[in-house]
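The data blocks that follow each hold one structure.
In what follows, chain A forms one complex with chain B and a second complex with chain C.
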Partner chain A sequence: MILLDIRNLTLEIESNGVLVKALDKVSLSICEKEIRALVGESGSGKSLIVRAISGSLPPQWIITADRLTWRGQNLLKMSKSERQKIMRRDIAVIFQDPQAALDPSVKLGAQFRESIPNEFINSRWWWQQRAEQNRIAWAQLTRVGIKDVKKCLNSYVHELPDDVCQKFMIAMALVSQPTLLIADDPTRGMETSTKRQIMSLCKNLNRHSDLSILFVSHDLLAISSIAHTITVLYSGQTVEDGPFDSVRRKPFHPYSKALLDSAPSFRPELQPKSPLTALKGTIPTLQHLPIGCRLGPRCPRAQKECVNTPVPRTIHKRQYRCHFPLHIDADENLDGKYEGIDV
Partner chain B sequence: MSLLSIRNLCYDDAPPWYVLGKKDIFYLGPVNFDVNEGETVSIIGTNNSGKSLLGKLITGAVPKGAGEVLINGIPLNKSNRANSVRMVFSHSSQSLNPGISVGRMLEEPLLLNTKLPPSERFDKIRDTLRLVGLMPDHYYFYKHMLSDGQQQRVALARALILDPKVVVADEPFAALDPSVRSQTVNLLLKLQAELGLAFIFISHNLGIVRHISDRTLVMHNGEVVENAPTQTLFADPQHEASKHLIHAHFAMLKV
Partner chain C sequence: MLGTLGRYFNLFFITLFILVGLSFVLAFFFPGDPVFNLTGMSLEELPTSAYTKALADERWFVAFWYYVQSLLDGSWGISTITGLDLFAEISTLLPATIELTAYATIVALLVGIPLGFWCGLKHHRKTDYAFMSISMLMSSFPIFWLSLLLILVVSLQLGWLPMSGRLSLLYDIPHYSGFILLDIYVSDHPYRQEALMDALRHMILPTLSVAFLATAVFLRTTRRAVVDVLEQDYIAAAQTRGIPFWKIFLRHIMRNALLAVLPLLAVQVSTLVTNVMIVETITEWPGIGDWLIQAIYERDYSAIRIGMLVVSTVVVFVTLLIECLSKLFDPTQEQFS
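After this line comes the complex of A and B, so read on.
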């Protein structure tokens, strides 16, 4: 069953009197028990999607979508309290940059106790309730691999290192036993062994408690270890979508290829100290978005047609938006004959 | 003789009046290693293993406890270290001053360390900006007008402007996006080939470490526990700490 279904989500921001499309027809869906990776560079709108789902965008930004539904309920038409209820129990969000997302003026223990849903506390008296809350906190924090739980609960955010805060955020998100976990760059700045620990935690939760995960990141190594499906985002447009393994083996979109090539870990045949393949230039700013395919000016395969926005095309389980995809013969592509392709 | 030699470098964060129990003091070292010209040495390790601290000790950003840092056999001190060893700090976006333009930011090291007249300083800044792949016009830009990758380049330019022999870079790629990261890696490799720079990288990203470095040091609890050529280390780590890190890396790759 599809949990979260987003179709043609468009987000417009007014800048100097002009409406800029920060997100342009983004489509994304997450099924039950699925781990979907959302990959893109900073400024590509990953975090905007997360915030659009969680409803924490400023009200003056214009969101339009053909579908933005949670288990069939339209999130955009919902009243604020209904939406908050879903956000509190079903969807948990780990925001980017824990140091900034956590309250700097309250001890972490108090913040954690606040995030425990009332239904989990059965005791009658406040001291019993408090003991129960503490028990839950200890269990959760130990589970995510925080060693000095006592110190963590009695500290303020600024007193703890980044990775402990990050783990704390994960523990806080998981305490309400959500159905969907949205993790916005959870492995940023983590060392390899901690990263692996977090990844295996996510994997176990996915396997044993049927947690779906939307994993927003640009850390391809972490993604490769858990993701089932991947959505590649470039500058507010989805460029490719499909099962991770097949995308990794044969990326259709030039940008997906560039992204995969940028991780030397995936290319054991690469000579040490040889230059890496990289696209020229940087991701365009919102004020200077190119028309048509937004990769156009940087794309090595760009031609005249690229000034028109490519429509999404589907082959097997994969979707891409490109006029001149890799690994697909151009003529076949135009005729719509997709059968002979091994994906 | 090697370009940079580190001999018995030690550090502890105990205050001078500290006489009671020695529980919470962080001890580093003694550290010994050499870096040759044109060589890239990476330092890997878990958090709190003293990687960044070692980098800061080498550049002199943190005063060292004991030991010596030698450049071509000459010990580094306050007067000569800025011209030979420079540092690119982690979180380059936070290490840039938001209140002054890129040009003035780059001018400061020149003002403090050289006796160049203003016109030559200006030329030097423009040359350095071009060297790291920015435009001379970026002289007048402020931090907030630049993208992450460009900020990283400015941080690099600030390190390179005094023509150092060794550049210590603390997590230079951590905050960068994949495609910009590849560009930066290429830039560093190019600069190394052109200028014969020696790099000391402090990084978590073992994929990149494996790609760019000649030797790798593994740090654990303030000590260098392993120092080996990168390919040897990745193929056959000896110490427990290195095994832990490298196996975790490969486990993520394979699963």
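After this line comes the complex of A and C, so read on.
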């Protein structure tokens, strides 16, 4: 069953009096028990998608979507309190910077107690409630592998190392027993051993508690160890979507290929000291977005048609948005045919 | 925490020492005899003591030592013009100034901070723009002009409030603490109730003129702090946890915004005191500002010296106190110390 279904999500931001599409027709869906990776460079709008789902975007930004549903309920049309209820019980989010995502002036214990849903507390008096809350906090924090729970609960954010804060965020997200966990770059800037712990934690949760995960990251190695499906995002457009292994083997979109090629650990055939392949240029800024396919100016396969936005096309379980996809057209001369064209 | 307190104590005493040194040196920069400027009397008039001996022999460092001692004793010398004892003068004047400052600050805090929160929560909407424009206007009023304007309109034309002074001459309230409301309260004057009302009526105009500017500043500071807090990740994170907005406001926004506002208030103390001194002169409020400006007119050097010392001590003390409190309240400050 599809939990979260997003079709053609567009987010417009006003910048100097002009509306800019920070997200342009993004489509994404997450089924039960699925781990979906959302991949893209920094600035491609990954975090914006997360915030659009969770409803924490500034009110002046314009969100439009053909579908933005949670178990068939329209998230955009429902009332604030209904949406809060879904966010409280069904969807949990962990952020990329745990230090910034926790209130610096409140002790972690108090912040944890605040995120425990009221339904979990059965006692009558506040001291009993507090004891119960502490019990829950203790159990959750031990579960995610925090060693000194007491110290953690009695500390402020700045007193703890980053990885403990991240684990704390995960514990806080999981306390409401959500069905979907949105992890926004949870392993950024972490050392490998901590990263591995967090990844295996996610994996176990998926396997044993049937938790669906939307794993937002640009760490391909981390993604490859857990993701079932992948969505590739470039500059606010979804370029490709499909089962991870199949996309990895044969990327259709030139950007997916470039992204996969940029991770040396994915290419066993790579000779030592050979130069890494990378697309020329950088991701465009919001003020200078190209029309049509936004990869256009950087794409090695770009042609005239690329100024028109490509429509999504589906083959088997995969979806891509490109006029000239790789690995699909049988015409082997495709590359050679356009050599003379000035782009 | 003890470390923070210790550091601020240190800072306070060092600053105080420098101020005392300055006030001593000032006596030499003023025209005339330094001894006369320091004590308000010439050497011949002074009773002989170790202090006067050091002054007579021009052993200035020793004299400075005795000067510090005399300051601590409360023998601050006499006014060169009126001949009154300066310590007694100031101990009646300073409470009046502190009283006016305190009421103005309370009014400004009670109005400015809640409005600032309101504007911050509604930022970039019409209410916010309206209040921002008003506060801009308010903070750009010159205070002496505002004060005169209030007197002209409210006292002279409408005749609602008395235009100057602190209490009508009809009521003879004995001096007890120098704070007029407290003095009236403890006195056994037959018309106590009426005296209290009269004192309050006298207080309204000067309090309003000082509070007018301070309110604008507090409003803008608070609004900025609230807007900054609203942009933080942890507010978005709390929203994604499905916590209702009023809870987020009470637990996260208010706390963090107030912690950010507190140290900024410390900067405002000196402006506030300056404004109070100006208003005192205009409304003839018997405070230290009025007295000090009078002393400057009359070239009463010993009074200027001690007045400057007292005013700056109060400013330094309050500023450091607020800063110290904000350090103690704000847990995030620890990481920098």
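What we mean here is this: the second predicted complex is superposed on the first by the 329 of 343 C-alpha atoms of A that agree within 3 Å, B and C clash if a C-alpha of one lies under 4 Å from a C-alpha of the other, contacts with A are read in each partner's own complex, and residues count from 1 in each chain.
Simple rule for what comes next: a contact is a pair of C-beta atoms (placed from the backbone, for glycine too) under 8 Å apart; a residue touches a chain by one contact, two chains touch by 3 or more.
Quantities reported herein were computed from a predicted structural model and do not represent experimental measurements.
Of the two partner chains placed around the shared chain by superposition, chain B is the only one that A:192 touches, whereas chain C remains out of contact. Residue contacts after overlaying the shared chain place A:221 against chain B, while chain C stays out of touching range. In the superposition on chain A, A:156 makes contact with chain C only, while chain B stays out of contact range.
By the touch criterion defined above, A:17 lies against neither chain B nor chain C after alignment on the C-alpha atoms of chain A. Within chain A, no residue touches chain B in one complex and chain C in the other. Chain A makes touch with chain C in their complex at residues 51, 54-56, 60, 81, 83-89, 91-93, 95, 97, 100-106, 110, 114-115, 156, 158-159, 172-173, 176.
Interface residues of chain A facing chain B in the complex, by the touch rule stated above, are 41-43, 161, 163, 188-196, 199, 218, 220-222, 224-226, 258-259, 261-266, 270, 272-273, 275-279, 282-283, 285.
Chain B contributes residues 40, 45-48, 147-150, 171, 174, 177-183, 185-186, 189-190, 204, 206-208, 210-212, 214, 230-231, 244-245, 248-249, 251-253, 255 to its touches with chain A in the complex. By the touch rule above, chain C contacts chain A in their complex via residues 124, 232-234, 236-244, 247, 251-252, 255-256, 259, 330-332, 334-335.
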